[in-house]
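So that we are looking at the same thing, I have put the structure below in structure tokens.
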Amino acid sequence: MIEKTAISIPTEGAMGKTGTWRVFKPILNKEKCVRCWRCWVFCPDLAISRGDYPVIDYEYCKGCGICANECPTNAIKMEREEK
Amino acid sequence: MAIKDLPTEEYILKGHAGCPGCPVTIALRIALKALGRKTILVIPASCSAVIQSLHPKTSFNVPTLNIAFEASAAAASGIASALKMLGKEDIIPVVWAGDGGSYDIGLQALSGALERGTNFIYVCYNNQMYSNTGIQRSGATPYGAWTTTTWSGKKEMEKNLAEIVMAHHIPYIATATIAYPEDLYKKMKKAREMKGPRYIEILCPCPPGWRFDMSKTVEMSRLAVQTGAWILYEIINGKIEFTADSKRLLEGKERKPLEEWLKMQGRFRHLKEEDIQKIKESIDKKWEFFKQMNLRQKL
Amino acid sequence: MLKEIIFYGRGGQGAVTAANLLASAALKSGNRGVQAFPFFGAERRGAPVKAFARISNEEIFLRSQIKEPDIVVVLDTGIMDVIDVTAGLKKDGIILLNSYKKPVDFSFPYKVATVDATSIALKNDIRVGGIPVVNTPMVGALVRILNGVKLEALKEAIRERFGKIAEKNERAVEEAYNKVIL
Amino acid sequence: MIVVDTGNHIAALAAKMAKPHVIAAYPITPQTTVVERLAQYVESGELNSEFIRVESEHSAMTACIGAAAVGARTFTATSSHGLLLMHEMLHWAALARLPIVMVNVNRAIGPGWNIWSDLNDSMAQRDTGWIQFYASSNQEIFDNVIQAYKIGEDERIRLPVMICYDGFILSHTSMPVEVPKQEEIDDFLNEYKSTWQLDINNPITHGNIVPPEPYLEIRYSMEKAMKEAKKVIEEVGEEFGRKFGREYRLVEEYRCDDADYVIVTMSALAAEAKIAVDRLRDKGNRIGLIKLRTYRPFPHEYLKYDKMIVIDRAFSPGLGGIIYSEMEMDGKEVYGFIAGLGGVDINYKDIEKMYEYAKKGKDGWYGIEVK
Amino acid sequence: MIVVDTGNHIAALAAKMAKPHVIAAYPITPQTTVVERLAQYVESGELNSEFIRVESEHSAMTACIGAAAVGARTFTATSSHGLLLMHEMLHWAALARLPIVMVNVNRAIGPGWNIWSDLNDSMAQRDTGWIQFYASSNQEIFDNVIQAYKIGEDERIRLPVMICYDGFILSHTSMPVEVPKQEEIDDFLNEYKSTWQLDINNPITHGNIVPPEPYLEIRYSMEKAMKEAKKVIEEVGEEFGRKFGREYRLVEEYRCDDADYVIVTMSALAAEAKIAVDRLRDKGNRIGLIKLRTYRPFPHEYLKYDKMIVIDRAFSPGLGGIIYSEMEMDGKEVYGFIAGLGGVDINYKDIEKMYEYAKKGKDGWYGIEVK
Amino acid sequence: MAIKDLPTEEYILKGHAGCPGCPVTIALRIALKALGRKTILVIPASCSAVIQSLHPKTSFNVPTLNIAFEASAAAASGIASALKMLGKEDIIPVVWAGDGGSYDIGLQALSGALERGTNFIYVCYNNQMYSNTGIQRSGATPYGAWTTTTWSGKKEMEKNLAEIVMAHHIPYIATATIAYPEDLYKKMKKAREMKGPRYIEILCPCPPGWRFDMSKTVEMSRLAVQTGAWILYEIINGKIEFTADSKRLLEGKERKPLEEWLKMQGRFRHLKEEDIQKIKESIDKKWEFFKQMNLRQKL
Amino acid sequence: MIEKTAISIPTEGAMGKTGTWRVFKPILNKEKCVRCWRCWVFCPDLAISRGDYPVIDYEYCKGCGICANECPTNAIKMEREEK
Amino acid sequence: MLKEIIFYGRGGQGAVTAANLLASAALKSGNRGVQAFPFFGAERRGAPVKAFARISNEEIFLRSQIKEPDIVVVLDTGIMDVIDVTAGLKKDGIILLNSYKKPVDFSFPYKVATVDATSIALKNDIRVGGIPVVNTPMVGALVRILNGVKLEALKEAIRERFGKIAEKNERAVEEAYNKVIL
């Protein structure tokens, strides 16, 4: 292509590692988890994937706390990020 | 269908530019699971244009055309016609527009495309204001809500775009919201399988705009339905069906007090009792309208 | 003499407000030229952001961004993992950090000052949604470092801008002014 | 084959023979019969295209953009207020580098409503990044529309192209036009292959936020394409000449060789000016004419005569005649006339008068400041 | 009183002090805070105006036209795509001779979306018949908005006025601004008396079909008003100077007296250029600066230096830098640079470099063709 | 009220530029009798802009602002606000727009003005096509009708703008047509006396566009009502009332055969039996919709 | 007013005497007229005024024939204009 | 040699079609340059209108209106009350009138020709909405007067344009051609 126009390519981390935006951090307590996958479906940042148990990708989790708020068993807790 | 049955395919990539706790990304994520890869997104100026991240990268993994604010349905018309001529009718153009781009500046293009019978899906994700430019009132902003152009609360009732769309008598109309992902998924899927113009509106509670904590996005969505402020339904060829919790409310389940929803939102903090009363009345009216519609059908 | 300052922080932390407060205070302190402006972008809550301020005793004709600051102010040291806050900093420049640590605990090849703005904010109950807002104490500390901007002028600027929450911010500013470690 | 028909019908015929996949248009006087004719072609099956009956010109241009963005060849037509309403999307089409072809039937801008010709509508779009042609006969309308596809779609260019011609004066005037055979056109125009498109197998995003530096490059790339276009337009014009016997360049020079004065103008006025030149020559004046065929890119290189008389049928308030204001005047004597706004009839006698004025060192608004 | 605030808030403040009857506006980055602030003024009762929360910019401009047509003073503000969407109605407002005042916050045009400053948006409106001012400081924003009402409403002019300033660079930058007292502004601006309006006691029709000859006269009347505006702008600027201590003309000349080279530019770049001039002078170069305050009408009369260096933050594809292309170059050496598109940061060092290039006879796209 | 009771004041002057037999002039003449002299007309590009005659003369005797095609409701908004600020609220801005300027290109401005609660009257005179540019299809063109952009008949059903307007829940909505001048007059008068947004749509059979003899303009209008193709009603604050012959049809009077109306129009000449059936069905549906609406109210 | 803009003044006969457009001419037969004023109300050209009986203004009547078509008593007949 | 012709008629009578037919016929008769165009206005049924035609053996570069015609053709003499159809007519110009009268019955200072096109149209059943359409017979008569346009060419033009109603128009044209009185 010779002409330049505003074409962009799908890229993971297009805005960088957005985990750095986080102030609070979700911590999973597997014991409590019933694998209902609500945390997975509601995460706006695709930071939870479906393994045996939810796997949180801290590189991209922005720490919104929706997962914790929506978890029916309180298996996720938000903790102040220590830096 | 349970949440676990939703496909694990994703068409949005991690590390996008949405706010933490953004409802729009949740909605789009689920919608794309239903729409699949044979989708071309058309996106007018809005938060969704920003969420994509900066050129030369994008966080969207389906072909996406950004277009001028008022023009999304027209762009989709062009795409639909071109796809037909090029023998690619298996691909569907899907407009993904905010309420500003749908209720206000994009209404005309939308109405025109509906009237022409354009073969596309139009999704209005409704966060009830112009959030991308920093929270100004839109036609969808509810009565009484604070925005940066309605400092003392909006003086007018919101438009009802779904009702306007109904007047166009198109094959498929539905409302949805993020707290009901299976419902949203099913409606998208149903729309995907039909032909002609299809319209889906998704309520998207936005933390910075509505002024609530970012962890409450889904909760606000759920409460909107359970208090009756947002009604979930679908209209297939003119026939209405209520879905999820709205169906339950219709069938007699009690609505949660509206105050539960209002009080959690900073934008409604200043409301007086009579304002709340006015909102309640308008919600009652809306239910009345839909009930009658439902009833009429049964006649 | 022109002083150029960059504030680093996160979207929502009020870096732009900090720059604006500084500019107002500087004008009230008798500087003819003042400027405050954000880095021109679409900022999201939590994402790293920056804001700029200029102070001079003459009218400022500069309209370009600050590339070589005299002082950088870091509202949240967390972002130092992602951003090189010393980029362009003048040789004799100063870094002011929001930290409970001491300057000696940092190994920058620059003069460092610290102030525990987070604690000061919490103590004075300056929060939004539970999170401490550190912009006012950081400006308080900055005023101490800068020549030519008066603490009293900053307090006045705060009163003009903040209305009923001015008082606690004034207290925080004063505390930070006194507690900054050079 | 020679056809006698109006400029609008000829434009529709040319568009049809270029076989666009998608046409999206909205009616407006005096463009209307272009659209009507195309609708007829499509409904009768003579043309296999999707015709989108949009609800406004803003949507007409947007629909073309959408269609072009998935790789379709497109056509639209408009005029005056319709063109103005497209303004935002004209910029868009050009920056997106989509070789949309559009016919604009020049008509004055309101208020008050005025349906007659002047060029303010399309010349006010001079900064949108569209290549612009101005025709002075129905034959040129046909030939320009065909060439527009070849030029706009050229890999070195990829810019949208606007073919302008005077409302009524050409749009509604029947004239003889030589029309090639469909096979010849097919042969001349290759199949369109877009260089970027929305494709499910390569899911790019077009148009998300672009930071300053890449934005500058995108802009510069347009400018390079415009520069390149000068070459390509002449190449294509030459090939057209070889195939169809009518050669085209950026400008048409008429009796300029030994000229003391050269008239510079475009559109229908340029045809009328030929008569003035002939008559003035007959009376012993050494005068020539340069007809701008292309107005964007602007053919500065051809406007190097010592004494030039520019006739503008458009002006920029607070500046003056538009072509006039874009001339490089270093060391030249240039006289500027503004004439024929809002459809005021200008004939060869008027043009002869302008020449007389210029010789006396006078110029300005013809019919008002000089009459 | 000295206020430290952003360009947008200052624009809103100036608009408020001019007491428009009707404000109609639509939000767009980076103009948004103008609208928000005005909404606040109206809702708090500080400003007694009708604020119309329109559904698009096309309607914003149209609502101002409607209001002005019944004799109201009006205000609006926009930027970039919002301005482009108004294009048709910009022409309309000017031809209807309604002295609407509008702020345009300059922002680059998409696609891709780009929210940063360049002047392509407003310069592409150069043919619409609007008077255009470009500000280089927040003080100028304030002063230009106030003067805009006086100029536009002057019986000799009656044209709409656009005040342009760079997005973010001014719109979001706080600077000190001297703000007069309300009584002083009231005194400076007389009450607006429209010369034509829709009136039930004199039921005229505005804008029905106008035949060619009267249309030409209407157009010419605009041009006369633009010519007249040069005088009126300087008169008003002088009166403003007498009252408020800051005098204005069509341009601002800075250290031009003995200059060999003069930089010609406008908007925020012109402020930055002062620094470049000072620094170059310090190094012994005889250089000056002309800041265009008014771009329409175009102040040709001030651009008569032998060697000029034009810096454009906008360009017309297929032509070049826009200010550059409008210069009368007869016998002059003019160097044209295109710089800072899409918000690319340009500082005094860059401007110094352009000077060095010009001395070597080079010009072009800064950062690409010359860097 | 009888015809003889209509005021004799005229606000249009003889010698205007309308076609012989033009329905729009009839409609406007009667409307202005009801609106009176304290009216400011706002007219987008349309036949009505031409009917005024050429500058420097006008055939309209109330102040009239011509405005761009898509912009009439926005201009009226500006006028309404200005009149308020200038203390002239006794004057009313009245948009007089064609169906093209209302259903299609002017819809967005209309919808915005309605949502904002603009104090104005919007009249759409519906001749079911773009007649000023020489008979192209509009959103209001009925199914099957020939126009110069639908040579073989329009493929889509018409939009129903009044229904779209209903979804905006404004104080007054009415339909009318020229064959019922008292009905038209009364509705205009009623609208004139209310506040807020008011919408009136007037069916205007146009001889050159519909292809019938110019002496039949009023007859075509009457037949449209009597065959049920056009329904006369008004909706005051959501409450519907049928009027004139439509009321009689509702009450059981038999509709005239639709063919009587269709056959007189050149634009429908090519219709096949199944097309006519399709149109009949859509008319039945419309009646059904309104009957239900009427019924619902009675519940 | 100094500026020129498209202002027009209400004028009878703005398009001239439009009676010249007429091909057929309405002729009233008073005998048959019942003064129902339908002809008056429906005339698009304001060419019928309300005197004792309808008065037709032939200077402006364009000859559309609506009055004749709508007259309940056939009191108006259209006749070919003789010129 | 250039011939310029103006057709006067009423909106709906087909003056523009007449001009177009003439142009086509002229081209078919070997003229290189032909033009036909309406007076550029918004015409209403019944209102006076005009149309123009030019014929030449060379390419025509004229784009202006015809001010000094060689021939004027009047489709409806009724409009002569309102319009001076001789305006600008060249000294040796010709007026062709649709009239049952003879040329001598008119007192123009020009050559006059007449043809009773209305009767010819009625006779050949060329009507729209009951009203006779006289444009084709008038062109037939005109061709007789003009040099260089052949009757057969006109008929061919009519066949191309009119489809199934061509035949009666051809007959009318022929009749007018023969009946025109000079």
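Should a chain be cited, it is by its letter among A, B, C, D, E, F, G and H, assigned in written order, with residues numbered from 1 in that chain.
Convention: a contact is a pair of C-beta atoms (placed from the backbone, for glycine too) under 8 Å apart; a residue touches a chain by one contact, two chains touch by 3 or more.
Here the structure is a predicted model, which means the values were calculated and not measured.
The fewest steps needed to get from chain D to chain H, moving only between touching chains, is 1. Annotation of chain B and chain E: jointly contacted by A, C, D, F, touch as defined at the top. Any chain that touches chain B and also touches chain F is listed here: D, E.
Each chain gets a centre from the mean of its Cα atoms; for chain F and chain G, those two points are 23 Å apart.
Remark: chain F and chain H have CA centroids separated by 41 Å (rounded to whole angstrom). The mean-CA centres of chain B and chain G are about 56 angstrom from one another, to the nearest whole unit. In chain F, the residues that reach two or more other chains under the touch definition are 17-18, 20, 49-50, 52-56, 58, 60-61, 66-68, 70, 104-105, 107-108, 111-112, 115-116, 139, 213-214. Counting only residues that touch two or more partner chains, chain A has 5-10, 15-18, 21-22, 62-63.
Along chain C, residues 42, 44-46 each make contact with two or more other chains. The chain pairs satisfying the stated touch condition come to A-B, A-C, A-D, A-E, B-C, B-D, B-E, B-F, C-E, D-E, D-F, D-G, D-H, E-F, E-G, F-G, F-H, G-H. Residue ranges of chain A in contact with chain B, taken from their complex: 6-18, 21-22, 35-38, 40-47, 50, 57, 59-60, 62-66, 68-70, 78.
Within the complex, the chain H residues that touch chain F are 42, 44-46, 129. By the touch rule above, chain D contacts chain G in their complex via residues 110-112.
Of all residues in chain G, only 5-6, 8 touch chain D in the complex they form. The part of chain G that touches chain H in the complex is made up of residues 15-18, 20-23, 62-63, 81, 83.
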